Structures are given as C-alpha cells and as structure tokens.
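Here chain A shows up in two complexes: once beside chain B, once beside chain C.
Moving on, here comes the complex of A and B:
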C-alpha cells in the first residue's frame, strides 16, 4: 500500500469524519439525552409540576413495578416463540428450495417478498385475517378441522397472533441465509459420508448442521436484536392488549411516554432496553469475531 | 447435494406448494382486496372471480390527500438515501483502505448504531425536534432515517470496496491521480453495483418505516404508512382504502425482490452472510 502516504491519511480521516459526526449527533447524543431525562421528573401531563432532578426515582419505580417486569417477560417470551419457529421452519424450507429442481429459484425469490413489506402493512393484512367474526384465517383453518380461535381478542391467543405475523415475515430471512450457506458448502464431506453409508438424517445432523452453525448463530442474533425492538405489528394488531398480554417493552415505553406523558419514566425504561440491546450486540460481534478467527 | 429420486421430488413439490400458498396468501389478499367491491370483501368462500373495481383507489386519492402523503414518503426516502450514500460511502472507503488495528472497532461501532431500539430514542428525538421547530417536517425524518441508513451503507460499501483490487488504485497513483481523484474516477465506478444496492435498501427502509413517522409528523409531513394506518379506527375500518394504500406501499419492495434478489442476503445480514 505504498500509495497511502501521510497526506492521504489525513484525507481518509476527512472521509470518515462526517459519518462519525452525524452518527454521534443523531444517535449517541439522543441516548445521552435519554439518560439525562431518566433522572428527571418530566411529566408532560402535569405542566405545573417543575421538571426536577429526581435521582434514581424513575429507575426505582420501573424496577419495582410489576408492569415493567411483565413487559420484559412478554418481550423475551415473544422472542423465544418467533426465533424457535423461524429457525426450524427457515432451515426446513431452505433444504427444500436448494434442491436442483425446476422452479426453485422462482420459489426462493417469491418467498423473499414478505421481508420487504412494511411492518405496518404486515400488521394490517394480518389484522384483516384475524379480524373477529369476519376474518379469513378461521375460515381457512376450519377446513383443517380447527375450531374458531379468538386470535386478537383473547389473552391466550394474542401473543401467538403477533408471533405468527412476525414468523410469516421473517422465516424467509432464515430460509434465505441458510440457503445461501447451503449452496456454498463443499461437496467432499457429503461424498465421504455417503460412501460410509450414513442415512440422510445422519448426514444432515453430523455433516450439514455443524457447517451451518456459524451462519445460523449470526441469523439468530440478528433476529433476536430485531425481535427485541418489535413494535409496529403489535401497534396495529393489539396495542399491547387485551389486558397487558402483548405489552412488550416497546409498548411499555410508548404508553408511559405518549399515553401517560411520563417522559422520565419512559426514558428510564428506554435506558434499561439500551443496556439489554448492548449486551445482545456485544455477544453477536463476539460470535462474528470468533468465526473469523476460526 | 445429490439429485432426489422421483418419489422424493413429488414430496418436495407438495411441501413447497403448501409453503408457497401459506406465504403468498397475505400478499394475494392485499392485491385482490384492493380491487374487490366492499360488499364481498369478507365473503366466504372468497370470490376469486369478480369484476374488479377501482373505487377504493378513487376514494384513497379523492377524499384525503393520499398523493401528498406518498410525495412526503418519496421526499423523505430519497433525501435520506442521497445523504446516507454520500456520507456512508466516503466512510466505507476510508474503513476499507486504512490499515489500522482500531479500524475494525470503528466499523463495529458504526454497525451497532443501527441496532438500537427506535422506541428508546423516540422520546429524546421528539423533545429535540420540538425544541428545534422541526417536528412535522420531512427534514426530521431524513435525519432520523439516516441513522439507520448510514451504518447499512458503510457495511455494504465496505464489502464492495474490499473487492476492488488496490493494484488499480496504485496504477492510478502512478499516473498522477490524487486520492480523491482515484476514489471518484477509479474505485467508485467499479463499486457502482454496491451503490445501487445500498440506495435501494436505504430507500425501502425509509419508505416502509412507521414508528418515527407516526411520532414525529402531523398532518403536514405525514408519510404514506402513517396515512394508511389512519383508515383504521375502532368503530369503522375502511378495509378497501387500507388495502389499496397497502398495495401501493408494497410495490417498491416487491420490485426490488424480483429484480435484485441476489443482493438481498448481503444487504439484510449486513455482510455477515455473503
């Protein structure tokens, strides 16, 4: 790299600077601001109450409130529901569409469409399907002998209703990543395994899965980070209800900040969510670096 | 992969047909319901053959200024795409070419900026934009969407710049090109596909976004996704208009998938799966 001279280093620095500056101003600064708000009483509903420093009161309030803890549990429950189904279904469909058969490239392409649809549209079309009394989903299911399910009207089913919409949109992501990885696997281990007379299932679990593992770990981390942020679909389908059965962390923050106008409490909850996402991101990057080192 | 037997082939196609029906039905429903007369919207069994009506599209553009909301979406999406591409590809080039042990950390820091939960920063944004008088303006959304689009561009473009052989740049330097000239005349044209892919991803992300658009805009800068949601109210859901609006909103994404699906893996996993 002889052409990178001293002067060029400075130019490279100037190339990098605007991005860092913009990201700092638009992401780090609002986060610091959220941190600042979280130590204050910032209640927009009570305009005559002074906005004062309240120490850790907002944090004490959310950490001791059962609503906040409940929203954390719902968030992770939804994450577990969607990730597990997406992993199994996504890998399964990937194994179908990588077969060298006519029509498979078209099928792969069609299956990618859901990912590019706005989450709010995904929410609306599933609302159309779930709609009490008239929605088509129960009608379709009746052919499979399934009785009428009160999808979004019941505390038992609402979380599944949300999970299904998310699974519909993002199973293609796991399928797509897995299919790409499957197509880049080298054929030698398979030939060896075939000669040794292993069954298809043995080959899948002992040869394919270990090779897929790094990709699947990456895909699951990316899904987990997204699942933690889920918002639009819930906003359209249930708004956190019925009761608080689908109130994930994002909905908790939304309601505290924009329904009750308690910005300080909302900011404190936001900060807790930032800490959790930092842990997730750090784990994800660590796993990426481990793959590169290996 | 060895070739499946005839029996296996049949099973594979049966399974695939079921998968395709399940995954395509919602999309079919949006398209068909947008041209279905309201009285048979929920008719069972669903009507597959009916004379299509464009009344929902007429309502959509007639009664509320939906055209204006689409224009807002376009302004915001194009604005954020242009801004993010400029800043992002410059940074990506620097990250791709500087050999320094901290460069990897800088790249990951930039990527992490994309992963934070939007809801966690929406309160500060709301207050900051309110103070700055930028609430309900396209500029606010352009700024906010760029926080997600710049990291995406940096990571995608870094991958494309890495693939441009440095020998070409060295040859350009021998010819007396400066660094900026080399970048603009040699490297950037070779990484043009990357620019196209990044542009489309930035555009679609901004076009589809809902949460910030809902919180930070009112009647003036409202985007199409928020406008469609406004046809939903607990007493009367105007399904015809919702579906017509939804269909318009999903067109760019569908075109993208059909034309450049081979870049989707790279874009959606931000380079972690190639």
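Moving on, here comes the complex of A and C:
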C-alpha cells in the first residue's frame, strides 16, 4: 500500500513538473529577478553607468515622483470611466439578450467578437477610426454637423478616446457574465413579485440587482485589475500623450524601463503597481466574504 | 574599443580584400543582416543589394523598422553577446551612447586607409564629424541632412497672393528669413474650406504650416532643437556639462512653436515627422521646416502629390535676427556591430563602401530617386541642381553648420523634452520657462551623479581623427 502511495506521488510529481517548470521560468524567476533589479541601478543602454546596489533609492524615487502620482491618477480616472460605462451597458445589453426573442443567440455571439480580438488590433482599428483627416468617426460625425474632433491629439479627448475603445472591447465581458447570471436566477422571487403587483423597475431594482450583486462585484473587480494594467491600446493610440494626458501606470513603467532603460526604477515601479493590485484583490475578497456572510 | 582587433581588420583588408577580391567573390558564404529604418537612405539601396552579392559573394538582408523603437532594438542587439545583426543603421545622435558603450566598430583606420577609394575629400566634413565619438569615426554617412524650410513655391510666387500679403504685412512674400516672418506667412496662408487660395476655392482647410509636435520618440524636439539653434542656443553649459536648454534661445524657440501651433493642422499635438511631411507632400500646407532626408520626396511624383499640383521651394532655416546662423546637421549612417566576427566586419565594411559610394549616390541622383546627398561634387553639379533644386540649399547651409546632439544621454534628453514641450504646447504647462526648467532639472538629476570631468568629456566635440 505504501509502495502504491509512493508511486502515485511520483506520478503526480511527474505530471506537475512541466507546469511547475514553466511557472518558475516564466513567472517566479522573472519576478525574483525583477525584485533584485528594483534594488539596483541598472541601465541597459548605458553600460558605463555603474550597476550597483542602491537600497530603497528606486522606491523612494518612484514614491516621491510627481509623474508616478500623475500616472496613478490617470489610471484610476480611466478605470472609473471604463468601469462605470461597461457596468451600465453590460447589464443593459445582458437584460436584452436573455429575452426569448428571435435572433438573440446570434446577437450574443456577435457581441462577443470584440472581446476575442487582440488589444493591439483593437488599438489599430480605433486608430483608423480616430484619424482627424481620414478617420471614419469624424467622417460620420460630419453628417451630423459635428466638426473634426482631434480624438487622440487633444488633451481633452485622448483619455475618452482610449476609454471608448476599451469600453467597446470589454463591455461584452460584463454582458456575458451578467447574462449567464441572469439565466441562472430562480424564477420564484419574480413570480412572487409579479403576484404582489410590483412594476418592472421595482422587480429589477429589488429582485434582480440584489441577486446579481455578487456576480457584478466579481466582474467589476476582474475588469478593474485589467483596467489597471491597460497598456496595448494606449501604446497604439497615444503612447501616453498628448502631453501626459494618457500616461497610465503601465506606460510610466514602460518609459522608465524601455525608453530611459532604467530597469531598476522600472522594476521598482512594477512592484509598487503589484502592491496596489494585491490591495485591490484583498478588498475584493473581503467584499465577497461580507456578501456571503450577509 | 578594441584597437588591436581594428588594426588586424585593417591589415586584413589592406592585404587585398577590396576591388580585386570582389572579382573572386571573396565573401562567398558570409551572410550579413542589417538592422535598419525604412528611410530613403536604405529604401534606395535595399532593392539592389543582390548586386553586392554578385560582386562579393556576401549575402545581405536588410530588415527595416519604423524609427520609433529602432534605437531600442539596436541597444538590445548591442547588449547581446551573439549578435543577429552585423550592420546597423545609425542616426548620428546615437553615436554617443553606442560609442561610450563600445557597441560600434571603430572605422577611423579603415577610412584613412581607403580614403582615396571612398573619395574622402569629396565628403562634406561635418557629415563625417556627425558620426564621431571622442574623435573616432563609428559610422559612415549614407545620407547627409540639414534642417531647412520647404515651401509651396507656386503659392509664394502667385501674383494675387503676393499682393495680398504685401498689403497685409507691409513687406514682400518670400521664404522667411526670421521666425517672425515665418509666423506671418503661416498666419497668412491658413485658410478655411470655401475661401480662395491662388485664385481657386478650397475644398478643404489649408494650413499655413506643419511642424512635428508629437511627444512620441521625442518628435517635437527634432523641430524644437533646430529652431533653438537658429537663435544661437546650445544643449549644454560648456562650464559644467549640464543642461542649458532652458536659456533664452530655448525659450524663444518654444514660443515660436507655440505661436505656430494655431496655423498647424488640428491634430498637431500628434504630428510625427512622417505625418507632418505628409501634409507638405500632399501640398496641404504652405511651408514646413524639416530634415532634408524627407525633402528628397518632394521632387518625385511617385512619392509626393505636390509635384503634380504645384511646386516645392527650398530655403535655409530662418534665424532669430535674420542674420546667418549655424544650421543644424544630421547624418543617417551605416555602422558595424563591434561584436560581429572579423570576417563579417570585413564584408560589412565592403558593403558600406559599396552602398555609400559616390558612384552609387550619383546613380540614385541620375535615376531620379532622391537621396539627401553628402558629396560636394554631386551637390554642386549644375545639371543635378536643376533636377534637385534643394541641392543648392544643402550645399550652402552646411558651410556654417553644427552637429546635432551626440551625448550618451541623448535619448533621455529627447524623451524628457519631448514630453515637457508637448505638455506646454497642449496647455498643460503654463509657460515655456516652466516646461524647459522641468526638462533640464530631470536631465541634470541624471547627469549630476557623474563627475564634472566626465560630463565635459561627453560634450566635447573632438575633431575626427580621419582629418589628421
């Protein structure tokens, strides 16, 4: 018996080994190395810059940098813009597509297409739409008498331009999760509410929404983490500009690491970003636990 | 730089690996890869590299990438112990960081040895100086450039426009000598769709000017620095080696660009070099200052609409007071990866000589595919000057020229000032002084960790030792 257990453990180990190896090489080792880098002065381009241990200097520089603070504010601003719209639109569309109407299965499939496209391609598609001179968006707006809008070349519009592209891509995610949740809701509370003579709005706000809350919270947190890491669309559309109006945290890290080649500072900024994400996740689980306890 | 390796390479080449060796296909089996840009300095050459293979046996593959990000690839390539690319396209400001890091092969001895073959005396000296680091030549010019003004000659010479301009501003319409005049001209030609331009009703808006204002890859600095130079500005303080961009000439240059913004296309904050030159190439702006490497397209109807609807004119960059001032030059060059093998280096030098030779440049000129030339005999050829009127400007302006920034922290300067200037143009920063002071503070924070002696060495433009 002991022999079989030992043999089974060995077999389990053999099955797990490739996954552990890949995880170590692609995630754990790079993270340890990034941690090591974050305490060093390391300029990849200028090998004449001494590569020495600098203690917490990189972290001090990041935390006292107005650019870092600015990028953090822009990140949260973009997060608020995208999440709020995605939530409202996603729930609205989900309510529509769960209706037993002709064509809804097809509509659900089509609506999910943006989510399946690579963010870089989404960025390029919207880049062509936003071009001031030849973009389709301004072309169609001109029929409504709207003048040319410098979507990605104006500090007033650029963040909205990115938010619109992100909303277009990720609203289906909220829609899909919400629709699945709606279809799994028990019909009894609805029947009771209808017998009591409640209006559709009352049923939605007092029956549907409370039941959806755990799912919506999960979806919002997942989206919040994604929004916090947004990079591809911004890189393609604005690269952080005009000015620094779209310079989110990931762009800040990119510039430090691959424009200034200050790998140590970039690594330190990545770890600060990681801590913020960990705090967000902790809040998420606490909120979930509270809901479950209630 | 490994001097002994360089000397052994020079010795190997001296033992007969040049013209005679080509006939024997001396480099059969050698494969060279070039990390390059899709610029005219490369695009003219890329389709005919098989001719080099025919001559020498060496195969050459040219991989072209957009300018933004190319230096990143070169830096990564230079950090690798086993390089994938033996040949590199280099913009002259990069020689500082690549030179200080020992990433490029020293070509000084090779150039001195082959001086006659490459017609060294015929090359405009500043174009060679552009490629030096601490007096050593690290790259060889494939395209020599200056920053100058391109304008719609047909509009400037239109009698109605001339009369209207004179009436409004009290002087004759001509290529600007000062930046005040340049702004007047930009204002004058900025018209809305439906207004008249040169007797014709405009179907779409027409702009007085197009400059690069984008922060991406520091594009805005590529226009800002030549304007600063035209006011007599310098990048560095000669006493301390620290940033001097926030001084009077820099402030004036920033103000000129801010004032010009109103006469630019509405997407000016996102205008990269190529988008900006596109406006001129399509004939949609009255004037635009940019590097001559893109000017060469203005005479070619395959590359620009302008030759089919009007005519381009060329003029030196305006100056602050209208008196001549040193203009800013640049060189787009070919270099050899210092980590390539000796045999690859030999073949790579042969390729550089072949691809940048005077005969090749004259061939490009005769075939109609413009290149921003750097040989005196080609630029002063009267027949070619008729075909390419900008040759005259290229030749004359380089008599009073200064090289571009070549500091090892060039990329930092470009990025920092790219963002700060773009923020000022976008109205996020209140004054030019604030923008430039912020930029200098950031750059100086990084420079001050180095001893003053080192900083002063970095800004010292040691004359190229090939002229000894």
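By our rule, the second predicted complex is superposed on the first by the 252 of 294 C-alpha atoms of A that agree within 3 Å, B and C clash if a C-alpha of one lies under 4 Å from a C-alpha of the other, contacts with A are read in each partner's own complex, and residues count from 1 in each chain.
Basically, a residue touches a chain if its C-beta (ideal position, glycine included) is under 8 Å from a C-beta of that chain, and two chains touch if they have at least 3 such contacts.
Here the structure is a predicted model, which is why all the values come from computation and not from measurement.
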{"item": "Partner chain(s) touched by A:54 [first = chain B, second = chain C, both, neither]", "value": "neither"}
{"item": "Chain B versus chain C as contact partner of A:132, first or second or both or neither", "value": "second"}
{"item": "Partner chain(s) touched by A:155 [first = chain B, second = chain C, both, neither]", "value": "second"}
{"item": "Per-residue contact with chain A, leading partner among chain C and chain B", "value": "B"}
{"item": "First, second, both or neither for A:258, with chain B first and chain C second", "value": "both"}
{"item": "Touched partner set for A:85, first chain B, second chain C, both or neither", "value": "neither"}
{"item": "Partner chain(s) touched by A:203 [first = chain B, second = chain C, both, neither]", "value": "neither"}
{"item": "First, second, both or neither for A:285, with chain B first and chain C second", "value": "first"}
{"item": "Touched partner set for A:239, first chain B, second chain C, both or neither", "value": "second"}
{"item": "Partner chain in contact with A:121 - chain B first, chain C second, else both or neither", "value": "first"}
{"item": "Common interface residues of chain A - those touching chain B in one complex and chain C in the other", "value": "131, 258"}
{"item": "Of chain A, residues touching chain B in the complex", "value": "1-4, 7-9, 11-13, 15-16, 18-20, 22-23, 26-27, 29-31, 33-34, 37, 93, 96-101, 107-122, 124-129, 131, 134-136, 139-140, 168, 171-173, 176-177, 180-182, 187, 190, 194, 215, 218-219, 222, 225, 228-229, 231-232, 235-236, 249-250, 253-254, 257-258, 263, 266-267, 270-271, 273-274, 277-278, 280-281, 285, 288"}
{"item": "Residue ranges of chain B touching chain A (in the complex, touch as defined)", "value": "1-4, 9, 12-13, 15-16, 19-20, 22-27, 29-30, 33, 42, 44-46, 87-88, 90-91, 93-95, 97-99, 106, 108, 110, 112-113, 115-125, 127-128, 143-144, 146-147, 150-151, 154, 166, 169-170, 173, 179-180, 204, 207-211, 215, 225, 228-229, 232, 237, 239, 242-243, 246, 249-250, 253-254, 256-258, 261, 264-265, 268-270, 272-274"}
{"item": "Sites on chain A touched by chain C in the complex", "value": "44-48, 131-133, 148, 150, 152-155, 238-245, 255, 258-261"}
{"item": "Sites on chain C touched by chain A in the complex", "value": "72, 75-76, 79, 97, 100-102, 214-216, 265-271, 408-409, 411-412, 415, 419, 422-423, 425-429"}
